[in-house]
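Structures follow.
Both of the next two complexes hold chain A, though its partner changes from chain B to chain C.
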Partner chain A sequence: MRPENYEAIKQPPSNEFELNFGPNHPGIEGNYAFRVKLNGDEVLSARADAGYLHRGFEKLMEGRLWIQNIALVPRICVPDPVPMEVCYSLAIEELCGLEIPERAMWLRVMQLEMSRLAAHLFAFGGHAATTGMYTPMFWGVADRDLILDRFEELTGGRVYSIYNIPGGVRRDMPDGFLDRLGTLLDYLDSRLPDYDSLFFRNQVFIKRARDVGAMTQEQALKWGVTGPNLRATGLAFDVRRDDPYLVYDKIDFDIVTEPGGDALSRNLVRRAELKQSIRILRQIIKHLPSVKGAVRCPIPNPLAWNVPAGETYTRVESSKGELAYYVVSNGGDKPYRVHVRGPSSMHAVQVLEKLAVGSRLEDVAQIMFSLDACPPEVDR
Partner chain B sequence: MNELDKIPVRQELSVAEGNVKRSNPLANVFDELVRFCQSRSMFMLHYCTGCGAIELPPAMTSRFDMERLGIQPMVTPRQADILLITGYVSVKTLKRIILTYEQMPSPKYVIGICSCTVNGGMYWQSYATAKVLKEYLPVDIYIAGCMPRPEAVISGLRDLMGDIKSGRADNWKRYFQNYDHYLGNQQKLFGEDWQTPTDIIAEAEHYGLMTDQTLGEHTALLQKHQQPLEALEFSLGEKREKIQGENPREKNNE
Partner chain C sequence: MSKELNLWLDDLLKDIKIIQFKRKNSRRVRIDIAPEALPALLELLQGRASYVHLSAITCVDWIEDDEFELVYHVWSYETNSLVSAHTRISRDPGVYLSVYDLYTPAAFFERDIHEMFGLYFEGSPDMEKFILTEWNGPPPMRKDFDSEAFVNQTFSWEEYHPQWLKDIEAEGGGITTRPEDVR
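Coming up: the complex of A and B.
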C-alpha cells in the first residue's frame, strides 16, 4: 500500500550508462579521452575530452624568435614531425621571398616521404593492436625503427630532426646515404607482401573493420576530413598533386582511392601509400645525385632576423591529412601570429564523435586508430 | 618456552627501516629476496602522458625488448608498480597523474622522462604546463633528453632496478612522510579546494609512516574542504546537469 503523497522518482533507463574512455586506457591513442553513453555495448553518443596535451603552442611561438620556433614546431605532431618543420619553413620563405636551392627541395621531399612511411607503419600497427593482433604492431614498430636509423644518420635525431630551416636544410647528406636508403627500401618493399598476408588480407581484420566507422564523401567534405581518410571515401584529393609544393610536380606517383569510407578502406589507402612512398623515394634516389649545388641559400643573421611584414598560408600533405600554417608577421623578429591547421583536430573531435555513434564500444578504439588522429596535434 | 615461539610469525617486511633492530634474523634475508623479486617484475602503467611516449613502443617491442628485464605494460593503476611520466605535464593531465599515483599500491616508483619533467624543458614559459614534476610527486629516476632514446629509457629502468634491489628506491615513502608539502604545492596549482577520492593520511597511518610533516596547514585545509565521498551517479539528462551545477568535485575534474 503506497502512501497518498507517493510519487515515483523518474529514473533514466537502467540499460543506459556512461563510461569514461581514457585518458589512461590502452585503446586510446595518446593522452586523450572520451565520454561515451552506452546502451549495452552500443554507443549512443560520444563526447571528446581533449586538452590533456595542451601547451599553448600558438602563444609560445609569438614569444620566440623565428628561428627558435623551428625547434618548437615538430613537437606539435610527434609521430610525423617533418611536415611541421617543412610547412613552417615554407611560410617564412614565402614571407621573405627566399628562393631555396633545388637540392634542398629534393632533400626535403625525401624526408617528408620517409616520415610518411614511418607514420603509416606506426598507424596500421596501432590499428592492428586494437583489433587484438599484436604481431603487425611489433613488425610495424620494428620496421619504423629502421627508418628512424636513417633519420638519425641524416639529421642527428631519431624522432625530432630539426633539419629543415628557413632557406633550405642544415647540411648535406652523408656519403653513401642513398645506397643505405635504397637497401632499406628494398627491405621494406619485400615486407609488404608479408604485411598483406598477415594483416591487410587477413579475414580477422577485414571482418572486424568492414563497415565500421563509415562515412560518405559528402559527409567527409562537410566535416573537413582530409588526407588518407578523405581518399578512402573515393575522392582523389592530395595537396602534393593539386597544389604542388617543393618538387612534387616533377615526381611521378598515383593518388590512391578506395570507395568504402570505412576503417578497412582507410587502412587500405595507407597500405597503398606505403607503396607510393617507396616509389617516390626510389625516384629521388635516382634523381638526387644529378642535382648539384648548395643545400641552403644565404639568410640574414637568424638572431636578428626581421621577417618582412605580411601574411601567408602554406599547406603540405602530412601523413594525417592537410597540414597548414597561417603566419602573420608585422616586420619584427618574432611572429605576430601563427595558426596551425592540424588535420587531427577535425578527425579526432568532430568526425570521431559522429562516427562512434551507433558503433559498438570495442570499435571506438579501432575507429580512432583508423582515422590516425594524433592527440598532441589536436590540443597543441 | 620453546625458542621458536619467540620469533614473531608475521613481519612487516616491506616497510622495515634499515636501522630498525629485527628480532628475526631471517627477516633481512626475506627483505632482500622480496626486493630482488620486486626489481625483476615491474609493471609499468600504460599511460602516455606526453611526447616521450613515442619512444616507448620501440623500447617495448622486439628491437630493444624491455620485457626481457621483466618490465611489462599494465593497463590499470591498481596493478602497476611504475608510473612513467613521459614528457610535459599540462595542468589537466597532472590532476589525473596525481590521482593515478595515489591509486597505485605501494611500493611504487615514478620515472620522469624527458627534460620537461625536470624543469619545464621547451615549455618553460607555457601557461598550461606544470614545470617541475618533483614538486608534486616524489620522483625516483629522471631520464633527461628530448626525447631520450630507447637505450636511455632502458638504462634508466635498469638504474631503478638496482635501486630497488639495494633498497634505496624508497621515495614513495616520502609522499606519505611529507604529504603536507606535496599537497601544498598541488593546492597552489589547482586551488585550495583540491582533493582526490583517495585518503593518503589514513594510508600513511596504515604503513606507519606518519611524521611531523605529514599533517600541517595544507592537510587542515584539505579536511576543511573535503566532502564525504558520494556514490558515483551515472545519471543522464536533466538530473546530470543539475548535479554538475551543485557539485564542486565536478568542477575539479574538468
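Coming up: the complex of A and C.
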C-alpha cells in the first residue's frame, strides 16, 4: 500500500557502500577506526576516525608540575614508551642547561634500544596476525615479554618504566644486570633465523605483502613519512645518526634501507633493525662498565622547580619514526605548552588514507600494521 | 657540504629586515618573522634550501598578549638542520593562511590546531572535527578554558556507596575513609 503521492527516489544503481572499520575490530591497532567506501572489496576511499583514545595529554600537562608529567608521557605510546620519557627529559634538560652524567646517557640508550626491540617484535607480530599467521604474533609477544622482564628488573615497571627523569635516570642497574641482558640478547639472536623461516621468508607472507601499500620515496618525503617507513623507500635517514642525541655518535650501527616502499619492505627494515639493536646493546654491555660515576646530576627540589623561560624542540628516533616534543616554559613550575609530535600522527591519518585507496579490504589492516601506526600518538 | 649550505642560509637571511635570525647551535635555527611574510619564507626554505620535511606546526596561546604563536618546524635532509619559524597572530579573529600547498602534512596539524585552539586556516583542505567529534564547547587547548571548572560545572560528585559495600560494612569490614578525605 503506497500513498498517492509516492514517488521512488531516482538514483543511478550503485555497488558502493560504506563500512565502519573499527574501533572495535581485531584487525585494527588499538582504538581507532576507518570509514571505508567500498565497491565489492576494493577500497574507493578511506577516512580516518580518531578520538577513541583522547585523554587530553597536552592540556593535562599544563596543569601538572614538570616532574609529575614524567608519569604521564610514557602513556602516549604504549608499545614504545621509553622514547617519550627520554624526549621530554631532554627538553627540560635543554631548557635548564643541565648536563647529565655520561653513565646516565648510556643507560638511556640501553633502554631506548631495548624498547625498540620490544616494539619491533610487537609490530611484525601484529602484522603477521593480520595476514592470518598467528604463530609469529605469539612468538613475538612471548619474546617481548622477556625484554619486559629485564625492564622490570631495571626499573620496577614492565611497560611504563618512568625511569628517565630530567637530570638522568632514577637509579643505577642491579648487580649482574648486564650479564642477564647479554643472555637475553644471545637468545633473541638465536631466534632470528626461526623468525626468518617462519615469517620473513614465508611465501604466504611475501605474496600477501609485496606491492601492498606501496609508496615511492618522493611520495614518502612529501607526506611527511619518517622512521622505518621512510627507510623502506630507500632513504638512509635516521635521527640517531643525522641529528644525534645522547651517545649515539659514539656507537657503531648501520642504517638499513630497502628499495620497495611496500608492506614487505617495511617489515624487512624492522627485521634488520632488530639485528642492529642487538648490535648496539652488545656494544653498550661492553662499554658501560668502564663508564663510572653518578647516574643523575643534581636537580632543584622537583616539587618547587621553576624551569627557566624558553622554548625547545627535541627529537628522538622512536621505533615508529621521528618523535618530537616542543616544550615552552614561562618560568613557572608547570609547562606553559607541550606539543607532542608523534610519528603516527602522519602515518595513521594522511598516509594511510592515501595508501588504502585502491587496495582490497583485507589489506587495510595489513597496511596499518606495516606502517606501525600507534593511535594514541594521534589522539594524545 | 652541510656546513657551507648552513652558512649560505645565514647570509641569505641576515639582509632581510623583517625577520630576526638566531642560531641556537649547528642544527637548530630560530627565525622570528611577521605573519604576512611567513608563507614566502617557507617557500624559500623549501624551494631554495631543501627544507622539505615539515616536522610539526605548534600553536601556543599567549593569552596575556592576546596572541597566538605559530611555530613551523622544518627539517632539511640535505643539511641536517632544523629551522623553527615563529610568527604571532592576533587571537581575535584568529584567522591565518594554510601552507598545505607547500607541505602536505600541514593539513593534519592545521586541522588539529583548528580543533584545539579555534584558529582557522584559510585554504586548508580539511577543517572537519577529528578527535573531539562530540564536543560542542569552546576549543579546549585555549588558556581561558579551565578543565577543572568545566568538570565541576558539568558533572556532579557522587558518593559511591553500593548495597554490597553497606553489607560488608554492617559486618564490620569495608573501606574506611578518614573524615578529612570526605569531599
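Here, the second predicted complex is superposed on the first by the 368 of 380 C-alpha atoms of A that agree within 3 Å, B and C clash if a C-alpha of one lies under 4 Å from a C-alpha of the other, contacts with A are read in each partner's own complex, and residues count from 1 in each chain.
We adopt the following convention: a residue touches a chain if its C-beta (ideal position, glycine included) is under 8 Å from a C-beta of that chain, and two chains touch if they have at least 3 such contacts.
Predicted model, so just to flag it, every value in this text is computed and none were measured.
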Inset, instruction - Once the two structures are overlaid on chain A, check if chain B and chain C clash or fit side by side. - result: fit
Inset, instruction - Give the angle at the C-alpha centre of chain A formed by the C-alpha centres of chain B and chain C in the superposed arrangement, rounded to the nearest 10 degrees. - result: 90
Inset, instruction - Could you tell me if A:158 is touching chain B, chain C, both of them or neither one (first, second, both, neither)? - result: first
Inset, instruction - Answer with first, second, both or neither: which of chain B and chain C does A:182 touch in the superposed model? - result: neither
Inset, instruction - In the overlay, answer first, second, both or neither for which of chain B and chain C A:313 touches. - result: second
Inset, instruction - Return first, second, both or neither, reflecting whether A:63 touches chain B, chain C, both chains, or no partner chain. - result: both
Legend entry - Contacts of A:137 with chain B and chain C, given as first, second, both or neither: first
Inset, instruction - Answer with first, second, both or neither: which of chain B and chain C does A:79 touch in the superposed model? - result: first
Inset, instruction - Would you check which partner chain A:51 touches, where first means chain B only, second means chain C only, and both and neither mean what they say? - result: both
Inset, instruction - Using the superposition on chain A described above, determine whether A:332 touches chain B (first), chain C (second), both, or neither. - result: neither
Inset, instruction - Could you say whether A:37 touches chain B, chain C, both of them, or neither, answering first, second, both or neither? - result: first
Inset, instruction - Could you tell me how near the closest CA atoms of chain B and chain C get once both structures are overlaid on the shared chain, in Å? - result: 5
Inset, instruction - Once the two structures are superposed, pull the chain A residues common to the chain B and chain C interfaces. - result: 51, 54, 56, 59-60, 63, 379
Legend entry - Residue numbers on chain C that touch chain A, as the complex places them: 27-28, 52-56, 58-61, 71, 73, 77, 80, 82, 84, 103-105, 107-108, 112, 116, 130-133, 140-141, 147-148
Inset, instruction - Enumerate the contact residues on chain B facing chain A in the complex. - result: 45-51, 53-55, 57-58, 61-63, 73, 75, 77, 88, 90, 92-93, 96, 100, 122-123, 125-129, 146-147, 149, 234-237, 239
Legend entry - Contacting residues of chain A [partner chain B, same complex]: 12, 16-18, 23-26, 30-31, 37, 51-56, 59-60, 63, 71-72, 75, 78-79, 122, 125, 137-138, 141-142, 144-145, 148, 158-160, 376, 379
Legend entry - Footprint of chain C on chain A - complex, ascending: 48-51, 54, 56, 58-60, 63, 221-224, 226, 235, 237, 242-243, 311, 313, 315, 322, 324, 326, 328, 336-337, 339, 341, 345-346, 349-350, 378-379
